[in-house]
Every structure is written in C-alpha cells, then in structure tokens.
Amino acid sequence: MIYVLLIFWITSAILAIQARKLIRIIVYLAIFSTISAVCFFMFGAPDVAMAEVAVSSFSTVFMIVCFEKYFTLVTDVSPDAPKDLKFRYKLSKILPPVVFTLILAGLFIYFIPEGTVNTYLKDLYLERFRFDVGGENAVTSIYLGFRVYDTLFEALMLLISVVGVAHMSCRSEHEISGENFSGVTKSDSVDVYTIRIICPAMLIFGMYLVLNGHVSAGGGFQGGIAIASFFICRYLIYNVYDVRYGKIMSFEKMTFAAIALLASLFIFLGFYVQFPQIRTAYLISMNMLIAMKVSFGFIIIFYRYIAFERR
Amino acid sequence: MLANFVITPILIAVFLYVFASAKAAKIVAIIAQTAFTGLAVYLFFQVKQYGAIITSIGNYESVMGIILRADTLSTVFVALTAISFLMAALYSYNENEGKLFWFLLFVWQSLLIGIFLTRDLFNVFVLVEVAAVVVSVLIMYNRDNRSMYDGMFYLMTGIIAMQFYLFGLGYIYRLTGVLDMEVAAEILSGLDRSSLVLPYALIITGVGLKCAILPLFTWLPKAHGSPSAPTVVSALLSGVHIKSGIYLFMRVQPIFQELDASGFFLVIGTITGIAGFALAICQTDIKLLLAYSTVSQIGLIITSLSIGNEYTTTGAMYHAFNHSLFKAALFMGAGILSKVYGTRNITDIRGVFRRFPFLGCVIFLAILGITGAPLFNGSISKYFIMYGTTWYITWLLIFINLGTIIVFTKFSTMLFGRFEQKEVVVSANAKRKGETDFHHRDKTAKLRNYAESIPVNKQVAIAILGLVCFLGGIFGSEFITFLFNVEVSVDAAGYLEKTMIFAVSVVAGILIYRYVVRDNAFLKRFRAIDFGFRGTCAAMGGFFAAVLIVLGFVMN
Amino acid sequence: MMEIVGNIIIGIGLVFMAFGVLGLYKFKDFYLRLLVLAKIDTVGAITFMVGIIIRHGFSFFSLKVFLIMVLFLILNPLTAHIIARTAYLSIEGITQDQDDGRGGR
Amino acid sequence: MNYEIVEIFAIALFFISLFGLITSKGVIKGIVSMIIMEIAVVMFFLSLGFQTGILPPIGAELGDNVADPLPQALMITAIIIGVAVTAINMTMLIALSRQFKTTEWDILKKKNME
Amino acid sequence: MQVPVFWILLAFMFLYLIRAIQGPTIWDRLLAMSLISVKVIVLIIAIASFYNRGYLLDYALLYSLFGFISVIFIAFFILDRTRGKK
C-alpha cells in the first residue's frame, strides 16, 4: 500500500517540475506536499507529517502572495518557444539532462552500501528517554532534551529569516500604518462568517498541540504554526494590516533569548539531574516558548508579505 | 563550558538589537569582541596546556547528546575567528550600518565558532545552513543591483549542496547508527571499503562546494567579490568563512580513513590553483581579482592537505591561518581604495604610495605575504608546503606561486604611478544615474574629504593585520610550534634556495606581466567566464559522479 | 454487533464516494463536477466517520472523530463555496488555464 | 539486492529534482525544485529502518515495531530550515524582479555582467 | 474490513490524480486537490482506527484545519490571474 502512495508521490512531483504555468505548479506542489505528508505519516512519523502539513500550507501562502507581486514586476521575458516545434528538436533539448540524471541515479543505486540499519542510538534513545528527559514522546524529548542545541539554531534560523525578510522587503519600518494600503477584499460574507466560527478552533487546537507536545504527537513548532494561522484568518476576516512589526520583532528576539537561557540553564548546566521533578514543567515551558517564537516569526513574515510585497 | 562560546555572542547580539541604540551598539560590540578575543586566546592556552577539552552537552552518556570538542586545530581557528571579527568590528566602527549589521555579524561569528567546535555531523549541517542565510543577507545588505543576484546564487547553490551532504549523512547514520564524527570513524574503519564510497561522494560534494574546489567554485567570486557588499563582509568571507569549508574538509577525511582519496584531491587541488590564478589575471575589478586569488590559494591548501606528509599538512594549516590574515588586510585595503578613488577598476587607481603612504605600506606588506616573499608568513607556510614533496609536485606548486605573483604584480600596479583626478568620468557616471548637479558636487566634496584622512580605526585595523603578517614570517617556525604543537625547524640552506626561487619567479612574473598579460585582448575574453546556476547544479552532479567513478572503479 | 453495523455504515460512505468519482468523470460541466466536493464527498466522509464512531463506541477516540466531523461539516462546504465563487467570477478563466506565459520559469 | 525499495523512491525523487534544477529556466522553477529536493531527503531519512505497519515512538508502552525517533527529530529541524529558506528566497525573488525586471537565469547572467 | 478500505481510498485518490492531470481548467485541478485532501483525512481516520491510537487523529484535525487556508489563497490567486486577462 505504501508503494502505491509513493508512486502517486513521485507522479505529483514530476507534474510539479514539468508544469509550464505558474498556477499549475502551485496546485501540483500542494498535492505533492499533501501526499508526502501522508507518506511521512505511514512511516510512523506523525510529528514530521504535522510539521510538513503546517509548513507546506504556509509556504504555499508565502509563494502566492509573492507571485502576485512578481507578475506586476516582471516585464523582461524571453520569447516562448514556438508551439509547432519538431519532436526531434524537443528531444534533443531534453535528452542530455535526462541521460545525465539517469546515469547519476544509476551510479548512486549501484554504490548503495550493504547492510541493515544500525540501531545503536535508536535502542539507546528508546530505552533512556523517559529516564533522562521525561515525557512520553521520544521525538519531543530528543529535540528538547538530547539535541536541544540543534533546536536552538533551528529557532535562530527562523529569526534570521524574519530579519532577512524584514530587511529586504522594499519599504522601511517607519512607513507602516494601516491606511497606506488599499487591500482588496476578496472574501464575501459567507467566507467571513464561516471563518469566524472556525478561527477560535485553530487557536484552541494550537494550544492543545503545544501543551500536549510532550505526551503525544505535536509540539512547539506545529502548535506555533497553528496559532500563527489564526492570525491569517484574522487577515481574511478583517482585511487589516495594523500589526506592530517593531514590537513583535523585539518580542520574538526576546523569546529566542528566553529559549536560549532556559535551555542553557536546564540542559547545559545540568539542572535536569538535580531537579527531576520539574522536567515536565521544563518540557511544557520550552514547547510554549518555541510556539511563541515560531508564531511571532510566521506572523511577521506573513503580514510583511501582505503589506509590503503586495502591489 | 564550550557551548557558552557559541551561545554568548548570540545572546549579546539579541541584547544589542533589542535594547541598545545604534551608537551604544558599536561601543558594546567593540568591548564584547575584545573580551571575546581574550577568552578565545585563553581557551587556546587551556587546550595547549591540558589537552583537548571534550564536553557532551547535558552530560548524557555515550553519544546521545551533542558532543563539542576543542582540540588544537579547532581552538586555533576559534582564536582566528575572534581576532578577525575584532578587526572587522574595529574597521566598521565609523560606518553607519545600523543595528541589524552588528546583530548579523555577531550571529555569524557564533555560527562559525560553532562549526569549529562541534563534533556532531548533523549539527554541522544546521550551522552551515544558518550561516549561508546569514551570509546571503549580509551580501545583500545594501540592497544594491548586483548583489541581489550574487546573494541569491550563493544561497541557492549552498542549500542544494547541503542537501547532498544531508543525504550522505543519512547513509552514515544507516551504516553506523551514530552521528558523532569520531565514533562514526571508529565504526566505519571496520567496514568494507566499497560501502564507504557513496556516503563519501555525497558528503564531499557538499563540503567541496563550501570550500570551492574546481568545478564548484563559481559561487565564490560572486559572493566574495560582490561589488556592493560591505567591505567587511567580503574580508570576513574570504578570511574566515571559507576556512570553515577547509576545516570541514579536514574533519571529513579522517572519518573515511579506509577510503584514501588523496590522489584525486591532489589533482583537483592543483587544477583549482591553476584555474584560480588564470582567471584572476583576467580581472580588472579589485574585489573580483582578490576573490579569484582566493580560489587559487584554496587550491594550494587542498593540494598540500592531500599530499599527506606531516610537514605539508602543518604548512597547509598555517597557510590557511596566514591566508585569512593577509586576505582580510587586502580586502579591507581594497575597500578603502575603492571608496577613496570612487572606482573599483585597477587600471584607474594609481599612486597609492604617493597619496596614502601608510595604507600603501600595509597593502604592500600583505602582498609580500601572499606571494611568499622571504621573511613574511607566506614564505614560511609555502616552505613547509613544499617540504619533502616529489619534484613534479614541487614544480607545480612553484608554478602556482608564479601565477600568484603575476596576479599581485597586476594588483600592485595600483600602488605606483601618479593619480590624475578624472572628474569627467565621475560626473558622467553621476549624470547617467540621474543625479542633480548639486548632489554631484556634494558627493565629490565628500570624496575629497574622505581622501585626505582615512579614519583612524580603519588604519589601526589594517595595520595590525599587516604587522601580524610580518611577525608571522619572522617568528614562523616558533608560531607553528606554538599553534599546532608540531616541532619543525626551518632549514637555512633550503630556505635560501626557496628565496632564490622566489627572486627568480618575481622577475619572471614581472616580465610576464609586462609583456604577456598587460593589454592582452585574448585574456579579456575570459573575464566573464561563468557557469550560471544550471551549470553549477550540473557541475555538482558531475563532481559527484566523478568521485564515485574514481573511487569506486579506478582507485579500487 | 456494533462492529458489523459500523462496517456497513462505512461501506455506505464508501459507496457515496464512489458515486462522487463517477460524477467527476461523467459530468461535462465544471459546476456539476463541483457538486462532488460540495455534497457527495461531504456526505460520504461524514457517513464514514459515523461508521467509525459506531465501531469504537463511546470513547475519547470517538469524541475526536466527532470533532473532526464537525470541523469537516463547516470547512468542506466553505472550500466548495470559495472555489465555486472564484470560478464564477472568472468566467473567462474557466475555459482553459490562463497565464501570462511567464509562469514556470 | 542491498537496498530497500522505499529508499529507491527517495533517491529517484532526489534526482528528478536535480533534473528540475538543471533544466530550470528561471528562479521559480529552481525554488520549486529545491523544495522537492528537501522533501526527498526527508523521505530518505524517515525510510531508514522502515517496516510495514510501523508505529510512532509515542505512548506509555512501545511495541516491538517502533519507528526510529532520531531521524524524525532531525527532520523536523530540516523542514523548519526549509521553510525559512523558502521564505527568504521568496523575498529575494521579489527584490530580484524589482531590480532586474526578470527572473530568468540567462537574462540575469547577461544583465549582471554589465 | 479495514484493509480493503485503504485500497478503495487509494483507488479514489488515483482517479482524482488523473483528473488533476487532465482537468481541462485550473479549477478542476484545484477541485481534485481538495478532493484528495478529503480522502487523506478519511484515510488517516481509518488508519488511526486500525491501530486504535487516538493521537494519530491529531494529524487529521490539523489537516482539516490547514487544508482550507491554502485552498482559499490558491483560489484567490487564480481569480486574480484570470481576472487580469479580461
């Protein structure tokens, strides 16, 4: 059954790569990430699948907001190839890269090393994670306990991308105020009413994911993105951009500093050995901080795109 | 304790960004960098005295946590990073770059230190990815025309290369079940040779792009020589950032001990060295010339690392150390010159000695260093690189050095002669950009003011770097013993011989420059050689296939 | 007993969905095809979920499935509505995929 | 046969996206191919040690057939890095098209040389 | 009972995928995408029921919440593109 899903997966990826029109690319990419999330789920990784779903819907939104601007900007386009080209000409264009990648893939498969997976660390982690970090979800306890150092840089990556987006979008921060932009409302009253009913559910569900991250699937990142999507709904309902970017950005950075300090206090300095009774509290508060950080980051990027990159 | 070296700069950066004003940020930054340099040197002495420090973050048993390691090599690089960033902070003290610049600078520093200290393969991936994004934002910091393309090119190629690396990491995990470098090396040494080929090829493709060996170097001149990137960023990129690639190259080789790829990289490194200077000769832009010369020096370092002799390895490490010093000095000097003269074209800049004797002297010191003149640090490192090699490799290395001399002959033509102010050219430029006459006058006035006094902080920064170049030559063997714990001594006769060779090649280089290179229309055609993005991706695939074929079939 | 009833209801849901697939290929007009998403699939999926709830009895699992069902009941018609409205507003766009020819580059 | 079938799919997708990168006419195709490449690598990591009916490493008592938690933790990191890179790439795309009025590699290369 | 359900759902997904490939208009592709996401939710509920693990349902919940956001934005985007051609 998994193989059939994987075949669908590859098909949708090929569709996304070969498509010529931008709107088709976006739709195929959405299908592709849907199916890949299901595949992750089938591989026994609901955390990764959740992250993929949340992230892919957000990156779709980012792409769409940017592409709207892109069409207004780009004027210099190389002429389209005429449609009545001979098949042989097309083949001569496409064949060399195909052969090249086929040779590469063949070499790759020829050299795949023998042997099954070495489960040294897996066994160690599955045996020890409850004792060493706590929690019921091994994945959470790895990325908040054993490898929290990586998670720190992952949070830093989001922070840097927020800073980069804010720096590179065209206008400066002083120009921000709600009236400057004439947003076009495309949602009608049916949409607005329905989304109004739904969006508290998003917030609650995000909280649920964050608070239950250490015992079941989910965690700071997934919950944070769910909370951020609540603010996308806010945009869809009220069509406003009055977000205080400067303040949210400072908050985001302070949250990051809090994550770093908490992690270094608890893990690096070894408090988890001395106070085993607050481990659960540590996991929950860490998840909450990460969720805050992630949702702040995504809110800034989204509103920045909406307000500055659009028309 | 080691984790603090990585976390503290980030925390300082966040503190500066959120609380401090732009003016206070500079002062705090300088103080913090000074303190940090002191700490890094202290760490170096600790390691030298008591041996390598190895800490597992969180004190988890076995390899469950991430393990940091500070041995002699990594602490040398950490100290180098701290010194370079201190100089960079000093250099850009009087520029109005804003808080964001300092924030990114600090974050970049901590990421580089993280790469040098970590022993975990996945952690390397994360750090390199973040560093790529930070660098691309810094390259585009001025949001100018050309740097956009350069930054995007750098970011995309870097990310794709790291996907190769990550794939190889997956195979290492599958084979060994761990992500730690040394434990993985231990387990892999007991395995069959044929099973190591694929992970090695994947990982070396990623690392190879990061250290810009031959088919994969096209991003380097774009990123390092991007015209409108801040000068400090170019200096640090060529000075320290590229060394992180070299460092990873040095760390990856011992993991695959069974798979001796040194012959392959000997060839690749030599070709890189030759191609680097051949392309550098064709350039007329100061920054691009320096960037291509970096490619050539990287080729030299890779070659000498692959020879496998103890002396050459030490020489390569010392050369990497020296290269960051003189390249930083050269880039900073080039930044000042291009600002003062208002152009980046080498043929338009003349008479630096006459106008700014001090700056000219420092640049000349750095040039002597990079060409390997006697009594300078370059000569010591190049002496050790050539120590005990077979004759053809020696001659190839001398040939690469000759190329470097030609390149820097071209560079040093700026220092001599007399400068005529080409007012007309400047105004034509200004008119094309649509600036009003008033603005134009204002601009030239500013230019003149700037010309009369180069700011003190810039002079201090660049002078320290030049001085270290000189000291590194005089106390060369002591430095090597001190830095890398390798007992070496400079043989007087051999050194004299090298001096003779240097003198001969200087004469030859100047003659070749005078009669062959200058005004050669044929070379101008090669100036714009560029694979483009698609070409780079194809080159990545081709390099990957070449490593597989060579290691799997030819060298089996 | 409950299990058999649940299975039967799940089967009915699948049959609904199968009708939807049939419609997707049989209808020649886009708005008719949209019926598949708006009505048939919603009903099919909800029947399926009711079957699951009956199979599992009264438990936390069933509560969650019920939650999903409620969300689904709100969101799926919303999606269909948005697709229908935007498609209607762009009558020209419906005939074929239109683009400026700059996509995919 | 010294490989899993699941693994082959990830490898195939990796090279399909490499093909997409090599033949991409403009920046957008490059970004799309990069996203697909990232997901291919994620899929490869998750397919390590795959068996049918594998269960996630969550819950009070773990059965015998449990997925490896370490690649999952690593891949969450990789996915978040991927979306951060996508966001910044999109901004660069806009900046690029504002500066050059084009996003095709060939024209960009030509304009950059001037 | 459960295993045939998986196969039937996969067959539906396959047919939708074909509709996405051949669909004469972009709206058909979008329709197929949302149909696939409905099938995904149902599939996940079936799997969670098969293994009897409640936490697997969180994924379906998240999916049903997130699926519509991307559909909304894609629909508005296509509307913009096609409206501009008038």
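In this document, chain identifiers A, B, C, D and E correspond to the written order of the chains, with residue numbering beginning at 1 in each.
By our rule, a contact is a pair of C-beta atoms (placed from the backbone, for glycine too) under 8 Å apart; a residue touches a chain by one contact, two chains touch by 3 or more.
The shown structure was predicted, so the numbers you read here are calculated from the model rather than taken from an experiment.
Steps from chain B to chain E, taking the shortest chain of touch contacts, total 2.
Think of each touching pair as a link: the shortest run of links from chain B to chain D has 1 of them. Relative to the centroid of all protein Cα atoms, the closest per-chain Cα centroid is that of D. Which two chains touch most often is answered by the contact tally, and the pair is A-D.
The most distant chain from chain B is C, comparing centres defined as mean Cα coordinates. Mean C-alpha positions place chain D and chain E at a centre distance of 21 Å. A straight line joining the Cα centres of chain A and chain B is 33 Å long.
Spacing of chain A relative to chain D, judged by their CA centroids, is 12 angstrom. Shared interface positions of chain E, i.e. residues touching 2 or more other chains, are given as 26, 30, 54-56, 58, 61, 65, 67, 72, 76, 78-79, 81.
Those residues of chain C in touch with two or more other chains are numbered 71, 75, 78, 82, 86, 97, 99-100, 103-105.
Within chain B, the positions touching two or more other chains are listed as 122, 126, 129-130, 133, 136-137, 140, 143, 173-174, 179, 538, 541. Considering their complex, residues 3-4, 7, 10-11, 14-15, 17-18, 57-60, 62-66, 100, 103-104, 107, 111, 114, 122-123, 126-127, 129-130, 133-134, 136-137, 140-141, 143, 171, 173-179, 187, 191-192, 194-199, 201, 538, 541, 544-545, 548-549, 552 of chain B touch chain A. Those residues of chain A that touch chain D in the complex are listed here as 2-3, 6-7, 9-10, 13-14, 16-17, 22, 25, 29, 32-33, 36, 39-40, 43-48, 51-52, 55, 58-59, 62-63, 66-67, 69-70, 73-78, 94, 97-98, 100-102, 104-105, 108-109, 112-117, 119, 121-122, 125-126, 129, 136-139, 142-143, 147, 150-151, 154, 157-158, 160-161, 164-165, 168-170, 215-217, 219, 221, 294, 301, 305, 309.
Interface of chain C with chain E (complex): residues 7, 10, 14, 17-18, 20-21, 24-25, 30, 33-34, 36-37, 41, 45, 48-49, 52, 55-56, 60-61, 64-65, 67-68, 71-72, 75-76, 78-80, 82-83, 86-87, 89-90, 92-100. Remark: chain C residues 71, 74-75, 78, 81-82, 85-86, 97, 99-105 touch chain A in the complex. On the side of chain B, the complex with chain D involves touching residues 122, 126, 129-130, 133, 136-137, 140, 143, 145-146, 148-152, 155-156, 159-160, 163, 166-167, 170, 173-174, 179, 528, 530, 532-534, 537-538, 541.
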